[in-house]
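You will see chain A twice below: alongside chain B first, and alongside chain C after that.
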Partner chain A sequence: MGERLPLVIYFLSMVNWAQVLFNSSVTGCIYLISAVGLTLTYGLSKFPNFAHAEFMTLGAYAGYFLADQLGLGFPSAFVAAFIASGILGALSYRGIFQPLAKRGASLIHLMVAAIGLGFVIRHFVGELWGWSPRSFKVTWSAFDIGIVRVSDLWLWLIFAALAMAGLMHLLLTKTKIGKAIRGTSSNPELALASGVNINRVTLVTWLVGAALAGIAGLFRGAGTRLSPMLGWDILLPTFAVTILGGIGSFYGAIAAAFIIGLAENIGVVFLTSFGISTEYRMAIAFLILIITLILRPGGLARMFR
Partner chain B sequence: MGKKLILLFVVFLLLLPVAVACPAAPVPGLPEEIKIGCVMSMTGALAAMGVNMRDAAKLAVSEINAAGGIAGKKVTLLVEDDATDPAASLLAIKKLVEVKGVKVIVGPMISGAVMASGPYVAERGVLLLSPSATSPKITEQPWTHWAFRTCPSDIFQGAAAAKIIIDKGFKKVAILVMDNPYGVGIETVAKEALKGKAEIVASIRYDEKKLDYLTELGIIKDKKPDAVLHVGYHDDGAIVYKQALGLGLDIIQWVAVEGVHGMPLDKFPEAGKFMAKAVVGTVPQTPEDLPAFKKFRDVYEKEFKKSTTVYCDSTYDATKLVALAIKEAGVYDGAKIRDALWKVGKKYSGASGTISFDEKGDRIAASYGIWKVELVAGKYHFKTIEFITLK
Partner chain C sequence: MDPLIYILDIIVFVGIFAIVALSLNLEYGFAGLGNFGKVAFFLTGAYTYALLSQIGLPFFLCLIIAALISASIGFLISLSALRLREDYLAIVTLTFGEILRLVVKAEHWIAGGVWGITMPSAISWAGASPRMMAAANIGLVYFCLILGFILVQLVSNSPYGRVLRAIREDETAAEALGKDRFKYKAQAFMLGSGLAGLGGGLFAQYLRFIDPYMFLPTVTFSVWIMVIIGGPANNWGALLGATLVELFSRGTRILKDYLLVPIDPNNLQYILFGLLIVFILLYRPQGLLKESQVKTKALEVISRWKKHS
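And now, the complex of A and B:
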């Protein structure tokens, strides 16, 4: 190791850090859009929804169907992903999770039901569109801004994430339904006593959360490829973001998404400079997660209240 | 405690018949139905390639049966999916061996799968003959004589890729490989071959399942190499090229190997665009004027209404060689078939050229095609531009 150190320092000095930061925000933005839905539905329904992965997958394929297979152009994919996943989320809640919860299902029951639902959707997508990967026929134009290489897809992604964060912030703080979501999340009995229609609030949250997952899936699909495993592949980091941010906390998730994105990308740089496979990038993200949880068991959420 | 003992005893009793049944001596002579296992990717990253290879094996079996089978006995090909995944592959092989009683298998496809299955097949006395697992690491294993190959080891291919880089006079090389026995195998050989001839400015191993390589590619960009040596499969390769195109890495020369050859480029237009502009690669390929290859290709194309792709010829040869070895052995027994395979695998002239096995079950000598991607009439396709032979 001693001889390698100067080499490592040389290596690190050669890296375009502006690009690494930019890549981190690209990674972070996808995690953010997908984690918001997961964290909000957890806040209200109090169980980890593993089918969230497939909400992403379905959104990506719905977008692919409209944009590529029907040839309506890429912007139509956003509408399709948002609506298809949103409806799927709302239906899942109404048809599966709400009835289960009413019959006294525990956390484990709900979790297993969610895993089962995820399998059903994943295989449904696999049978409908095939198991081999597909790719959007759109070619993204890439260009340099200073020393950072960007593509219009990545800029759209960052714009979408910022817009989503802004809108969600306004929704949660300024509107009646948003206040009801926050109220129900922190104290359901009190919210109920204050006349909040908990069922409606929860349904809206599932709808919006799943719709956002669909958008995240679409971006992931457009940036890489479509496959029935698309959502499952990024569910783990999405959970990491949710937990690091403090489960149920929207603002915690924003910070956590960028921390995990940064950890993964800086991780790649360090791993490479030591000649280690970049497979371990997620391990670095999880290391940060574990350390944070030891120091702050509630995640980052407390810092944002 | 007493209950536990009784339970253990019952389990022992249940297992007894299995233990007694297992070491059954090979029945002299051949069974009425001769089973040949075939483990290929029907799904997974190399599904496009695996389906074509399975068809080559099917073709060989139907030809064998049409010619009267093996010593008059009918041959059945039992196909299982390896999903381009080592664990799935081992499960598929276990199913063939334990449930169907198969003693010889054409496959699995990838090196990682052979590495995962080797100890198991050696223990059970089952012979693998892979048409496409190319990692040099397989040769170093204690069970290597249970894993034969009709494809050349990447000791040749790593050298062939390095030769392209050296011949073109590139001095600064970045290496980007999948972190699996196949990728690391070529990386090791190529590094050795490039030593003293070119400087290696970055050497990156990536996770072929992560499917997001922006930062890895960003590092390569910062190192400003003249050439990139890349080892990937179809799925990850398509994303590496798509993102490399986005980062503007199409202005440097990429040298790839056969793992990305035959990628369905109509599905990945951006990868096609990038490859047409920046990538050349190697692929184990039989010179097309070889009569045995021509004959195989024509029959295959007629039968399946599609062109042959990489390793179809070596799959066809593997299946035919297995049949010859079973006939030579005269019994359906893994070890005997293997010993017979050494006998019949001497200067065997197959569709993929002359096949001779060394004492480790590896193929001696190899010929490679150097390919590039061309855009003809709006469609990207792979074209071989020259052949090299290595010994």
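And now, the complex of A and C:
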């Protein structure tokens, strides 16, 4: 290690930190869009929905189907991803999780059912589109802003994440349904007693959450490649964002998404400079997840009340 | 392919996964622990076995050490993880399994990374035919399975096992009776991890080749399906579940090969598994077999006395 240190310092001084910062926000934006749905459904239905991964996968493939296979152009992919995943989320809640909860299923049963549902969707996608990776035909133009290399897909992603955050903020604070979501999440009995239709609120949350997951999956698929494992590959980082932000906390998730994005991208720089395999990129989010759960299971939520 | 070998192969796999299902049954069925990272301990056992057998240790020592190392890793995990809520425990164990898989995948010096590792045959003698080899493997696997079954059966029926069930039903009540729930949970977790490690060791021993892609989270969930279908807290149920799941997964492959179903057998298998688990949780959450009753001398006397009066 001793003789490597000058090399490491040289390497770190050569890194384009502005680029790292930009990449971090790109990573953070995908995690944010996917985590918002997860954190809201987790807060409301009180169980981690492992099938959230497959909501992302289906969104990506639905977008691919409309945009590339039917040739309707990339903007139509957003509509397809939003609608397909949203419907899937609402159906899963109505068809599986609500009946299970009514029958008094334990937390572990709900989690196992979510995994079972995930299997069904993942292999259904695998059957329809095959297991070999696919990619969008669209090519993204890359250009330089100052010293940072960006592509228009990433600018769209950042725009979408900001728009989503703004809209969700307005939804949660200004509208009746948004206030009902927050109320039900923090105290279901009280919300029920105040005349909130909990079933409807939960259904809407599952619909919106899954639809956003679909958008996140679409961006991931457009930025890398599509495969039936697409959602699973970013599920645990999404969980890391959800847990670090505090379950059910939308504002916590925003902060956590950028913390995890930064940690991953800065971590990769350090991994390369120390000559460690970049396969460990994922392990960074995993470690943050485990450490948060063990040391501070409430996450950052207390700072965002 | 020789059809007899094919059948023997199924029998070996049923035995290996029955051991892992028993270990999860001990953790989840009796102690109520949602371990979603079973594959981590299976992996530990398999890689320990692979590395030790390359040094040239005899296979039984490799198996024993594989189980011990898995058990100690289970113990280390349980120190911090068992104090967590159920859903957090699930996420932590799931993530731990993925981290472990990342490590064996990225560190080529440990065991070949993505290319996997091959190991010498443990049971071989001059003039052994493939059938005889398979039969010998069945002997080894079922010897371990019977030992494991007796162990778990004894544990679950003993006063110790009843404490585990009490903690599963009501932690606070058990604590009020002076039972240290963390100690009991940690011991159950350790024992379960050791058994899963033994299963992993046998898996590596039988295949003589392992790579990181054999230890995807799907392994964990197959084992969960076995336990939930068979009936949690019933060891016969775990055996039944392992048999059904293994036969089912072979069945879908046969369906593809001989009946020409136009669906990829792997997809079909997991779609049906997923639907099956959801239906079981909805309509028969206790599984096929009911929770096994505790059998003690005192209970026998009471039931006889009840009959008389």
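Operating definition for what follows: the second predicted complex is superposed on the first by the 292 of 305 C-alpha atoms of A that agree within 3 Å, B and C clash if a C-alpha of one lies under 4 Å from a C-alpha of the other, contacts with A are read in each partner's own complex, and residues count from 1 in each chain.
Just so we're on the same page, contacts are C-beta pairs under 8 Å (C-beta built on N, C-alpha and C of every residue); 3 or more make two chains touch, one makes a residue touch a chain.
Being a predicted model, the structure only gives us computed values, none of them experimental.
Chain B and chain C, once both complexes are superposed via chain A, clash. By the document's definition of touching, both partners, chain B and chain C, reach A:Ser277. Once the two complexes are overlaid on the shared chain, A:Leu100 sits against chain C while remaining clear of chain B. In the superposed model, A:Leu289 lies in contact with chain C only, and not with chain B.
With both structures placed on the common chain, the touch criterion links A:His169 to neither chain B nor chain C. Contact with chain B, but none with chain C, is seen for A:Thr27 once the two complexes are overlaid on the shared chain.
In the superposition on chain A, A:Val120 makes contact with chain C only, not with chain B. When both complexes are overlaid on chain A, the residue A:Pro297 reaches chain C alone and has no touch with chain B. In the superposed pair of complexes, A:Lys179 makes contact with neither chain B nor chain C.
Of the two partner chains placed around the shared chain by superposition, chain C is the only one that A:Pro48 touches, whereas chain B remains out of contact. Stretch 202-210 is the one among 40-48, 94-102, 184-192 or 202-210 where chain C clashes with chain B after the superposition on chain A. Within chain A, the residues touching chain B in one complex and chain C in the other are 277, 279. If you check the complex, the residues on chain A that touch chain B are 14-16, 19-20, 23, 26-27, 131-135, 137, 139-140, 142, 144, 149, 151, 223-225, 227, 233, 264-265, 268-269, 272, 275-279, 281. The touching residues of chain B, when paired with chain A in their complex, are 43, 47-48, 179, 202-207, 209-212, 214-216, 218-219, 221-223, 235, 238-239, 242-243, 245-248, 264, 267-271, 273. Looking at the complex, you find that chain A touches chain C at residues 47-48, 96, 99-100, 103, 105, 107-109, 111-113, 115-120, 122-124, 126-127, 232, 236, 239, 243, 277, 279-280, 282-283, 286-287, 289-290, 293-294, 297.
Taken together, the chain C residues at the contact with chain A in this complex read 28, 32, 34, 36, 80-81, 84-88, 90-92, 94-96, 98-99, 102-103, 105-107, 217-218, 221, 224-225, 228, 263-264, 266-268, 270-271, 273-278, 281-282, 285.
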